[in-house]
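One chain, subunit A, appears in both complexes that follow, with subunit B as partner in the first and subunit C in the second.
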Partner chain A sequence: MTDTTQSIMPAGPVIKGKLSRDDIIMRGSMIIIALYLVVSLVFPLYAMLSKSFSTYRVELSQYEFQVSDEAGTFDGSIMTGAELNARSGTFADAELSTGADGRLPVTGFFPDFSFRSPVMYQIRNTTGTGRFLIGSNLQTGTEWVTLDSNTFRRVQLRPVQARGLDNFVSYFSTPALFNSIKNSLWIAVLSTVVTVSLAFWFAYALNRSCMKYKGVFRLIAMAPILVPSLLPGIALVYLFGNQGMIKELLFGASIYGPIGIVIGSVFFTFPHAFIIISTALAISDARLYEAAASLRSTPWRTFWTVTVPGARYGLISAAFVVFNLVITDFGLPKVIGGQFNVLAVDIYKQVIGQQNFEMGAVVSVVLVIPAILAFAIDRMVQSKQVALLSARSVPYEPQPNKKMDRIFFAYCTLIGIFIAGLLAVCQFAALIKFWPYDLSLSLNNYQFDKMDGGGWGSYVNSIKLALMTAVAGTAVVFFGAYLVEKSKGFRTGRAIFQMFAMLPMAIPGMVLGLAYIFFFNNPANPLNAIYGTMAILVVCTVTHFYTVSHLTAVTALKQMDREFESVAASLKQPTMKLFARVTVPVCLPAVLDISIYLFVNAMTTVSAVVFLYSPKTTLASIAVLNMDDAGDIAPAAAMGMMIFYTNALARIIHLLASRGILRRTQAWRSR
Partner chain B sequence: MKQKASFLTALAFTMTAATAGLAETELTVYTAVEAEDLARYAETFNQSHPDIKINWVRDSTGIITAKLLAERDNPQADVVWGLAATSLLLLKSEGMLEPYAPAGVEDLDPKFVDGDNPPSWVGMDAWVASVCYNTVEAEKLGLTPPASWKDLTDPQYAGHVIMPNPNSSGTGFLDVSSWLQMFGEEEGWKFMDALHENIARYTHSGSKPCKLAAAGEIPIGISFAFRGAKSKAAGAPLEIIVPSEGVGWDMEATAIVAGTANLEAAQTLVDFTVTKEANEMYNTGYAVVAFPGVAKPVEHFPEGLLDAMIDNDFEFAANNRAAILKEWQARYDGKSEAK
Partner chain C sequence: MLQMTPPKETYLSIRDLWKAFGSFIALKDISLDVKEGEFICFLGPSGCGKTTLLRAIAGLDLQTKGSVTQGSQDVSNLPPSERDFGIVFQSYALFPNLTIEKNIAFGLENAGRSKQEINARVAELLELVGLPDQGRKYPAQLSGGQQQRIALARAIATNPGLLLLDEPLSALDAKVRVHLRHEIKELQRKLGVTTIMVTHDQEEALAMADRIVVMNHGVIEQVGSPTEIYREPANLFVADFIGEMNQISSSVAKGGRLAVGEKTFACLPHEFADGTPVIAAIRPEDVIPHEAGYLESSGNRNCIDVQLAEMEFLGSFWRCRLTNERFGGKELIADFSINAVRRLDLEAGCQMEIELPDNRLMAFAKAGQGA
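What follows is the complex of A and B.
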């Protein structure tokens, strides 16, 4: 077959378009932004993965021992640690695998050891890499060290670095650790079911009923986005803790544990689910409902055969987004989780509590798996979505129905009270002098400088970080999206870029933060200098929230005809000029949306930056965590509410600014 | 008298500084001391040594320890001033500390000095375990105050005790290590098994149990005495109980990081940290300091605390830390969801 085709049609020369200077600039810039993503995402993740395989093991063959007789003379027979262990069977192979801090006592090798005996011992390393301790003094030399029995029992062998799967083996053989997988999944599934159901009816009421005050409800539903995820946890302590205002409602159950995590998760994931489902419910074809009515379908049947299927992609997408948010969240279970271990908190405990970075990396790898799965399924489902609205569709208009509208109003009021109530409780708690013993009002809890967490300086740092993230992040993300969307050819490069841009969404913040430690806190890394500075926090935050910003930018850019680029080319105008003069002004609404998204998230993020802040760059969101950790719960609530007000103010400024700017730049839209 | 002493020490230091021929030197000092105290420490030091500038790097004990260990092969710090002795032992066992006997070390309580000669670290002050007992909440629940650790295993306290998780809190670990030292390995674990039945939950930080007790969230919080005294001073209905068997403690200590380029300046600083003057300075925050006779009573501090401090074997704690934590986690962390 091939032979004949070849004989008929000889392979012609490959025709390639000549690259213009413009193309080169665009490809060059794309490569630079792609490199940014490689350095800020791919390399750190690789460093983390390789850390999870870095193990510590006591190499018994690296040590030699001699034992004297009662008179203290050595007969010259030398035994290695491995031989001694084989003879005495003291340690099983698994016991030799340990952490960086592992120690192994040696007296067990000698069954007749007694610290009172006059027998002397000699020990040495056979290689330069061998390490052992006498008491707490490190011995690395290869000379023989002679010790009496009483000192010899203070000898501890130290492990050397190796590579292997030992960390994973030890993870899965520690029930305390791998139980967290089950806990995390269970919490995430339960929270997802509850949040999506609640958000569905809320979105349904706002889109498909004629109840009043829809604007107010919409505003309240969005409020949780403005606060760190751990704030609802603090509110729940005040409501349902042992001194809680309405703890009777729990009928003796403890809020510290799964109950608290689920209630708090519903609070902070609600707006995410609500936006997605609301978008899905906003558009629908009235003809389907007319058809259903003319076929005499009951409203209940219409709901299940028309409404739900129409919103199914939104529901699935919302479910996976919520699942991902809950399973990767760290702040909330830390505050209210009590003894209920989840993966994200395990990473923190391993790294901050025990300095066991290797095990932290292992838990991270475990946590990434469900997060990536959820993300991949969500992307798959979304790509299947087809246009519901065709040119012939008639938009659905809800009809007033007094009874239903009243029910929906009552329902939305309940949800509104839940959301606004938790925030109000935090504000109330922040103003109380000493709950529950002194209920007078005071501003004592705002004296952050007297508490852990970095004081008011943290608040200033947070605003700095948010502004820098918003400016730098918007620039990088939007320019990157433009390059990938509008450059010609270079298919492979663009596909790879797209993949990099989607990856951050699937990587939990904790994992990203930990990966940054491994990558940037390495003296051999030339980028080591940014470790511990504001720059690394900005880079980390931009990367962490890259995907959503990128998608927003791409959506806006897709609405612009590619003809613009062709016209610019035929007018011999450089693309960069087009970008600055036409693209950015036209897409300004999207640009502003990206910047406020980055600002708000930089103010509230905890998980990604908790490993990366330094004493000079403490943040408000971390201060909330640390003050709660130290038991200063009321100041933590006060700082959390400061974040809320700042974000609310930023949103208002954003709204006003965008109105003003849009009036000037978007006048062409309404001719 | 006091003035004279400080003048003499100042003179002594000017002389050492002069003989060493020091110009303006900058020292990078890692510390876990509370931020509000650092400025005061540096100021007092600079009164006698204006030629050495201290650049502080401060964070919590766990994070500073992790930072130092991560920089094992490329240390950034010259001196560690104010880090838990157990952490310094960890650094010592990595060969990261420069042994040095500061001038006047012999005046200190030997409990506070590393056993080796020359010592790798010298202590500054101690923080001591205690039980914070909320009298108002306890009365509501009809509890009688415990007098000893063993009392805390009484079924009447079921669900009314909170302690820090030793896996994340240094205070938690010093409790566990002191119980194992006092009661012996077997009895110690038996005691913790019984205590675990009464524990409502384990917190991440060491000060939280006392603050929770102060807020009435729980009647009994196992924490440290200093925290309790502070909360009591703030008006919380607390009683600070020193269990009769003895209490675990850890100290803040000072050491020179091996490989420092500013060894002379580092030694000058460490010489200062053991002086009476420095110990008086520590006393504002800590009731127990290394220099005998310096400590003035701190308000609301429990009596008899000094005598209750056990003879803490730091080497035991450091060398068995990994094994103890693993055992603790297997026994108590895995069971948690059974509640």
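What follows is the complex of A and C.
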């Protein structure tokens, strides 16, 4: 039928389309947002990676010395630093490997040295890379410098930077450090198993039973999203700590350590697992259950052959999300981890405690590996779940079953008590004058200005940050998603953009924050000016939570008719007019969802910003951490609950606002 | 109708157009001229490249090679916004949050028109598509057919030189579809706008088009008026795709006659050499029924005796399955009028004779052989 003789395209140039003004605007904007992601994500991560391979070592062979006699005449005999050290044995080899700020004094090379002596010294670098300090003056030249004894005392050798695996070698040869890998994995796996099991039955009860008060349970289950992850830690301290209300229940075991971390992790990851599993259970097909019933399958068998396989992608996805959240979380193990070291806290300790930035970078690289793996597997699973969703199915309608409904109700009540209980303990602790000695109620703990952490200013800063993140982040994310979804051609550019947009999800907050130090705190960086300002906190937070926001926007945009842009072009109307008049109004629910997501996360985030705040930009969530660190646990709980109430209020406002706006702008939805 | 109007100038000219998606070639060396004011249908099975061609004409997906000239302007590499066309999609693509009026007015804005002018034009267009009092509603409040009319009004609002319709009726149910295709055709005639419609529905194409472009596997199989396409299909694909066609294996005998078994039939002129295996083809409605013994009495050599194996009543005619071992186990399908069936007293199982008129019997190359 088909003429196959002429099916080979003639050679010659391919038609290159002329770009319209819209194409140029859209590509230009996309490049700008891509550049934002490069600067706020790729460059910092690269800086961190390169830091982890940076080693600093004082190369003694790069220095030469001469000593004069008492009259100040030099006899011309020259000794290298290496020879002097070999002779005097001043520094062991390990001492020569230092950090970026390492300094070694040189007087030890000369056993007869006395700063009052009239003996003169000469020192020089033998290579252009050698560096030493006289007082605070850096000497990099290779000419001889003559110094008297008193000045020679102030000479310090500086290390040379090199690239190598030394940092990793030293990491893996320090049991205290690499034990954390085991600890982190163990905690993450255990928390994942517990959370996913609990969340599955909770979601099952809400989707598949006819019990009462489902709405209330749903609300309670979502509450932990509104608080920083370290808040359950504070509640657990009050319950099971050294002076805990019910510490007897632990039978002598300590809450400080794995037990506390796991219980707290279950608390703060529960809503994430619950949402995913609930979605998976909600889409199951009633026809399968009818088929199972008509084949006289027992409920137990139906459960294992229909329910679980139907929800398996949700379960796997939930497991990886929880795993990722736990292994990258910093706040909770910081508060309740005690002597139990995990990776995220190690980064903090290395950087803040020991100022060992290279080692912090090494731990970050180690932490990124499981995080990226979990993320990649989750993405693969999610893409499969979409295929499952597209099948047309009949929604499952649960039938009342008195006994089962009562069991599920009891179960959900227990979970509800666990979640609401921990929050209540925090609120209670915040209102007690001095636990456990003076149980009278007072608002003393709300006098944040009297504590460490920045006082009420932190709270105001947090709200500023949350609002700015919500507004700027939503604008950038939604516009970026629109550009990448709806611009024509430019396939490579769009693929790269998509990749950048997915990357933040795989990068733990601690790693991102540390990477920002390396990148933005570099004086050579023209963007150095934003270091220590609110701007860097906004940039960091937007980038940290970019992926979920981006996916929300993309999902909403994919539901828009693909041909709107074609229609607008055929009518000779600018794409930006279409964007403003149609795309944004139609996607308004998603836009509002993105903004509240960014707001809530900006209020609760600790991990990324803990490295980046300055005395002027302290944050409420950081204040919780710092007050807890300083022993002001009750004020920490009070501030944590302030975050909770603020977020709850924000959600209520968001709900009312979306309803109001939707009623006005989305009248077209009603038939 | 077409013959009565004076010959028009070529408005759209496509030359040597190729489109490749990676290694897959979607359009192969397409050349086509569309006259001013003409209604053209691109017809073909799904995946034949008809939508790809339409999108290349619109500039929505640029061709890989070849040129498109519209008016007298070479638009080959221009973006859609710099071309002159209105487009209607299968999905309507109405802006859901804008009222019908605002949808239609969307393309009228920013062109130096005053508010009154725009409003007047919108009212005129609503009148034109027969929905004068629906302007304040939202698209979701209209039926599918109404939405498609609004999409049409929006597309023609700016008086484009070219109207492109991408399967505009496929999403509608059958009755609305028939009704709307009349209206679209009527509107197009009234406006005189050059129109290209993509469809996979042959009935739609036959009913609406001035000329049909039949496409398959990225090439144009035939271009012609609906009657040409139907009566004189250029090849077996067109013959088979449009309407129904009986196909009987045969070979060319002396004098260009078609041999089926030991019997030969006169047929329409063709260019096959003697002895070439070909397909003899005839439409079911072109088969003429006769009573047994007709051949003897008339001497018409294009007759053959058959057994009427099965009859199916389809309202206005009978569809009959006729067998004869010469057809190589295949049945011949024939549509007989109710009159003829009554006159010849036909019933399932009876023996009869049929005539394959020489001015209706066609010879085609077998599938896979060059034309």
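Everything below uses one rule, namely that the second predicted complex is superposed on the first by the 557 of 671 C-alpha atoms of A that agree within 3 Å, B and C clash if a C-alpha of one lies under 4 Å from a C-alpha of the other, contacts with A are read in each partner's own complex, and residues count from 1 in each chain.
The rule is simple: a residue touches a chain if its C-beta (ideal position, glycine included) is under 8 Å from a C-beta of that chain, and two chains touch if they have at least 3 such contacts.
Since the structure is predicted, the reported quantities are computational estimates derived from the model, not experimental observations.
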**Request:** Once the structures are superposed on A, label A:F340 by its partner contacts, choosing first (subunit B), second (subunit C), both or neither.
**Result:** first
**Item:** Contacts of A:V586 with subunit B and subunit C, given as first, second, both or neither
**Value:** second
**Request:** Kindly classify A:M9 by the partners it touches after superposition: subunit B alone (first), subunit C alone (second), both, or neither?
**Result:** second
**Message:** Output check: A:A569 vs subunit B and subunit C. Expected answer is one of first, second, both, neither. What do you get?
**Reply:** second
**Item:** Partner contacting more residues of subunit A (subunit B vs subunit C)
**Value:** B
**Asked** Is A:D23 touching the first partner subunit B, the second partner subunit C, both, or neither of them?
**Response** second
**Message:** Between subunit B and subunit C, whom does A:G631 touch in the aligned arrangement: first, second, both, or neither?
**Reply:** first
**Message:** On subunit A, which stretch or stretches are contacted by subunit B in one complex as well as by subunit C in the other?
**Reply:** none
**Request:** Using the touch definition up top, name the residues of subunit B that touch subunit A in the complex.
**Result:** 35-36, 56-59, 62-63, 65-66, 69-71, 73-74, 89-90, 92-95, 115-116, 120, 136, 165, 167-169, 200-205, 207-212, 214-218, 234-237, 315, 318-323, 325, 329-330, 333-334, 336-337, 339
**Prompt:** In the complex of these two chains, what residues of subunit A are touching subunit C?
**Reply:** 1-3, 5-7, 9-10, 12, 14-23, 488, 561-564, 566-574, 577, 581-582, 585-586, 665-671
**Request:** Flag every residue of subunit C that touches subunit A in the complex, lowest number first.
**Result:** 16, 18, 20, 25, 28-29, 58-60, 62-66, 76-83, 85-87, 89, 91, 93, 95-98, 106-107, 109-111, 138-141, 154-155, 157-158, 160, 164, 216-217, 219, 221, 235-237, 367-368, 370-371
**Message:** Going by the contact rule set out above, which residues of subunit A touch subunit B in the complex?
**Reply:** 98-103, 105, 133, 135-138, 140, 154, 156, 158, 174-176, 179, 183, 237, 241-243, 254, 256-257, 334, 338-341, 349, 351-355, 357, 434-438, 449-450, 454, 517, 521, 523, 614-615, 629-633
